[in-house]
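The following blocks contain the structures, represented as structure tokens.
Shared between the two complexes below is chain A, which has chain B as its partner in the first and chain C in the second.
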Partner chain A sequence: MEKISKSAKLYLALVFIVLYAPILYLIFYSFNSGDAMNNFESFTWEHYADVFSDTRLIMILINTVIVALLSALLATIIGVFGSIGIVYMRNKSIRNSILSLNNVLIVSPDVVIGASFLILFTMVGVKLGFASVLMSHIAFSIPIVVLMVLPKLQEMNSSLIDAAADLGATRRDIFTRVIIPFIKPGIFAGFFMALTYSLDDFAVTFFVTGNGFSTLSVEIYSMARTGVTLTINALSGIIFFVTLILVVGYYFISQRGKNPAGMGGRK
Partner chain B sequence: MQTKSTKSLYLVPYYAWIALFVIAPIALVTYYSFFDINGHFTIENYKNFFTSVYLTLTISSFWYAFLITLFSLIIAYPTAYWLTKTKHKQLWLLLIIIPSWINLLLKTYAFIGIFGLYGPINAFLNVFGIGGKQILFTDFSFIFVSVYIFIPFMILPIFNALDKLNPSFIDASRDLGASSWATFTKVIFPLTINGVKAGIQAVFIPSLSLFMITRLIAGNKVITLGTAIEQQFLVTQNWGMGSTIAVFLIIFMVIIMIITGQRDKGATSHGKNK
Partner chain C sequence: MKDIINAIVSIIIVCVLLFVANDYLDKSSGKAGSDTVTVYNWGEYIDPDLIKQFEEESGYRVVYETFDSNEAMMTKIEQGGTSYDIAVPSEYAIEKMKKNHLLLPIDHSKIPNLKNIDPYFLDLSFDPKNEYSLPYFWGTVGIVYNPSLLDGQTFDSWEALWDPSLKGQVLLVDGAREVIGMGLNSLGYSLNSTDDKELQEASAKLKKLTPNVKAIIGDEVTQLMVNGEAPVALTWSGQAADMMSENDELDYAVPEEGSNLWFDNMVIPKTAANIDGAHAFINFMLGAEVAAQNADYVGYSTPNKAAMGLLDEEVTSNERFYPTEEMRDNLEVYNDLGPKMLGKYNELFLKFKMGKN
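Up next is the complex of A and B:
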């Protein structure tokens, strides 16, 4: 394979610099003792202390994380059962139409999802707030989970299940000891993707959030329009490092996840 | 068979989800698009959509989405190409993904500072004697920030396509005397077209419906279909007109899906964590 040239390296470096510049810019000014994102005065931890003393902000942060974890968990459960159902579907045309319906929410623009969910919740009479936000996040995460789990299930050799059944495994055993371990990497991937989508979502949440409830994205949006303090910068610093830890953690889990699956195949 | 009935019991939540959150919303949006602001049945909204205001809006929305997609592609393709040539390419790819894990709003907010009148870009321009410029609230800043936001989603499917490419094709093309450019245009690009299509889908459709970047970065000067929907739903409270625009957005979406063809199964979302 050819070596990459100097100019290619330079190009990649440039892309990386641009990708990280805004994040580093935010973090840099989170240490500014001045009160704006220009004129770095002197170093301070003050804004980080502010984050932890701002109970409202902490509550919003907790809300965001709870919605993300809960919606990812529930979406994963529903999605895993859904994909198992799809895989064992005999009728090809029904299966294909289910799959296309599955993908509708992935390709739909966020604004359309948000607006249509707003109509739905209002019609059904769900109060806008935690419940509506949670349900929306579950709803748009399910298809992602299905897309991550399905290939794993299709990879699985059905003789594994036959063998287990021949050896006297109950259906429950087959499910918990054969299917689930085999598709575990897909389940993890789906869960983390759902988590990311939920944490990152703004448009859908913005539509269905109502007055009393807010997630981080919605909060930053309203703050950014009215004027923001450097507390948000400090918060993004914290989020960046938590994300880094999560990504590294995810990387190792997925690396580790590769081995058991491979071994399972050989056993 | 007992197995069968239990199996379908597990599927109940999934089917309920499809009925409630996939089919019902589309049906409701379509239904609402036939009502005016006072709740009377009408096709006025559809007539309205074809007035100059909304047509201009649609055309400009498409134009911006086209530009955003084009620039994303121009930047992403070489990036993905050279990334596949690096050692530890998976690690580098992960580093491309990390910024997309940072909240969208935070990154957008950072650009308000960077492009601001007292921001680093203007300071830089001042040093070179060009003088301060109003960068924020222009088309340039809008497209730049949008491309910035979408670029990982363009890089990933293209990276995956390039990564799957069998290198012996390239060797063969070289052996047969093709120049690097010919190899690229005749071999590499056609074989990775599915990645490109997936990338275009992942960028073009969301670009049509952007609304928070238009508000924060473009200062309401750029209005997209997304902005219009948000406006109708949350500000004007005219759900009928908002739904009508949403119906058109859905139609455009379907058209784009057909044009860009059957994609590699889930290429877009798969890419994200590979």
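Up next is the complex of A and C:
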């Protein structure tokens, strides 16, 4: 790796401080025995104990994670097939219009999407709750997945497929052994993007929650009137560390997988 | 391909495990029916222990959900698709919901604890005879101030806010009714005024306040006041109580000329699936001990006379949060002014804001 200059290092450090300072500030006060984020009284684990004794909060957290995982998974599956369909579409003008429609969904405001879903669901008679939240999360995640997978597909040299066909691969073989391994980084990127989008989405979820089903973002928002408690700081701290552990864990696993035998996308 | 399948399988396994965990935590998750009561309340507006106590005593399961504004709550109920058995709107929202036929009448014979409520809080203009709603908490609009940052000013009169020494120091809540109401009150007019001349006068008076205004903001008021970054703010009594519990230098006053008296009442929306359960819940919340415990936890003023006796003497004798009846005579409840008049209020408020920002 090339050496980076001192000023570049300083700049990088500054950027990271700006990015992480609010999170660390929030976590710091989760250990405050006082009631607010203004002066630090003394160290306590009380707020962490509160998180685990509040079953409602835990259930909301679990709901949030289930919706995020399931919607990201389904959106990724749908999005991957969709992108393959788009890339191999013969008619250029139809392909372009589908791509534009996909992009329109990405740039349209969440409030508009949320309100339309609310109207749609109540019109069709879908009960607001788990199903409605899951469906809307899948819907707004698909365009993101398509956007992540499409460049990988376009990058792929079409002679790879021709070569595979010449060597006697069936359509299924081509799909599972050529296309999917090649676009795998895009698939994972799409999945994780969809996951984070779903985890922190407020605007859409706000419209379609109901019947005792709620997610973390909506719950925290509704505390506006009386003020967010430090329990939320503690919960955010826990989520932050779990994410950190997952990322570090993923890093080590992928490092270990990088031994010479595991070259290429074939495994 | 293999690792993709592995990933899919592990995600599904994790989801199933989480589902099982959630089910274990609460068997009632997401299902409304005859044995559950779905409560739709403001965030952090109930002592969670009381929900457990109600579940044990009544045998109903409670599904608890929260909202952050009357408007959001009304939209959800109007759209349907949910089955809330209880909601807790503010008075003007109740009037509006009544007009739009979103509420079911309350059967008073099923609420024996109604006798605990101070008659003063019953039969009010927004819901005569309490046909559709019963009181939950109440409060006022007033001025919270920090004497250590001021030189001896007090706020017994709205006029004090116009004092030139407060240049660029006053915080206002971002609410048209509250700010225009303050303008009207300071001139001795009703804060439900629909008289064009009075409104113009009030807006001219507010214009003179402009140099004193530091900011027109929402919930950040609490932090700014607690941290001593501003000496005075127009706010609600509940929010003021919150601030005062975090910074004991602060004080709260309701000006003599009059101000707003607000209520959050329990109602049964027309979407209710369990009307008996809803009545049981209302009756439970009106119990003396329950109401006292809840007021202690939430910090707002309870309309429950029987509960007052159980609360800390220091709290209930505090006239800033439990004003005497005499003081309350100057206070007014918001009427639903109708969309046209409300538009006028909003317009005047917007003009005032633009003069500022």
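Rule of thumb we're sticking to: the second predicted complex is superposed on the first by the 223 of 267 C-alpha atoms of A that agree within 3 Å, B and C clash if a C-alpha of one lies under 4 Å from a C-alpha of the other, contacts with A are read in each partner's own complex, and residues count from 1 in each chain.
Quick note on the criterion: a residue touches a chain if its C-beta (ideal position, glycine included) is under 8 Å from a C-beta of that chain, and two chains touch if they have at least 3 such contacts.
The structure presented is a predicted model; accordingly, all values stated were derived computationally and were not measured.
Superimposing the complexes on chain A yields a three-chain arrangement in which chain B and chain C clash.
Look at A:221: by the touch rule set out above, it reaches both chain B and chain C.
By the document's definition of touching, both partners, chain B and chain C, reach A:118. With both structures placed on the common chain, the touch criterion links A:129 to chain C but leaves chain B unconnected.
Judged by the touch definition given at the top, the superposed model places A:180 against chain C, while chain B stays out of reach.
One of chain B and chain C touches more residues of chain A, and that partner is B.
Of the two partner chains, neither chain B nor chain C is touched by A:49.
When the shared chain is aligned, chain C comes close enough to touch A:70, but chain B does not.
Contact with chain B, but none with chain C, is seen for A:20 once the two complexes are overlaid on the shared chain. Only one of the stretches 38-46, 110-118, 146-154 or 218-226 belonging to chain C has C-alpha atoms clashing with chain B in the superposition, and it is 218-226. Under the contact criterion defined above, the residues of chain A that touch both chain B in one complex and chain C in the other are 36-38, 118-119, 206, 221, 224-225.
Against chain A, in their complex, chain B makes its touches with residues 3, 6-8, 10-11, 13-14, 17-18, 20-26, 28-29, 32, 75, 78-79, 82-83, 85-86, 92, 94-114, 116, 118-120, 148, 151-152, 167, 201, 205-206, 208-209, 211-212, 215-216, 225-226, 229-230, 233-234, 239, 242-243, 246, 249-250, 253, 257, 265-266, 268-270, 272-273. The part of chain A that touches chain C in the complex is made up of residues 35-38, 54-56, 58-59, 62-63, 65-66, 69-70, 73, 118-119, 121-122, 125-130, 132, 176-177, 180-181, 184, 187, 191, 206, 209-214, 219, 221-227, 229, 267. Remark: chain C residues 1-4, 7-8, 11-12, 14-15, 18-19, 21-22, 25-26, 28-32, 36, 38, 42-45, 48, 63-68, 72, 76, 79-83, 218-219, 222-223, 226-227, 238, 242, 245-246, 298 touch chain A in the complex. Contacts from chain A toward chain B in the complex involve residues 1-4, 8-9, 11-12, 15-16, 18-23, 25-26, 29, 36-39, 77-79, 81-82, 84-85, 88, 98, 101-113, 115-120, 123, 135, 138-139, 142, 144, 147-148, 150-151, 171, 189, 192-193, 196, 199-200, 202-203, 206-207, 216-217, 220-221, 224-225, 228, 232, 236, 239-240, 243-244, 246-247, 250-251, 254.
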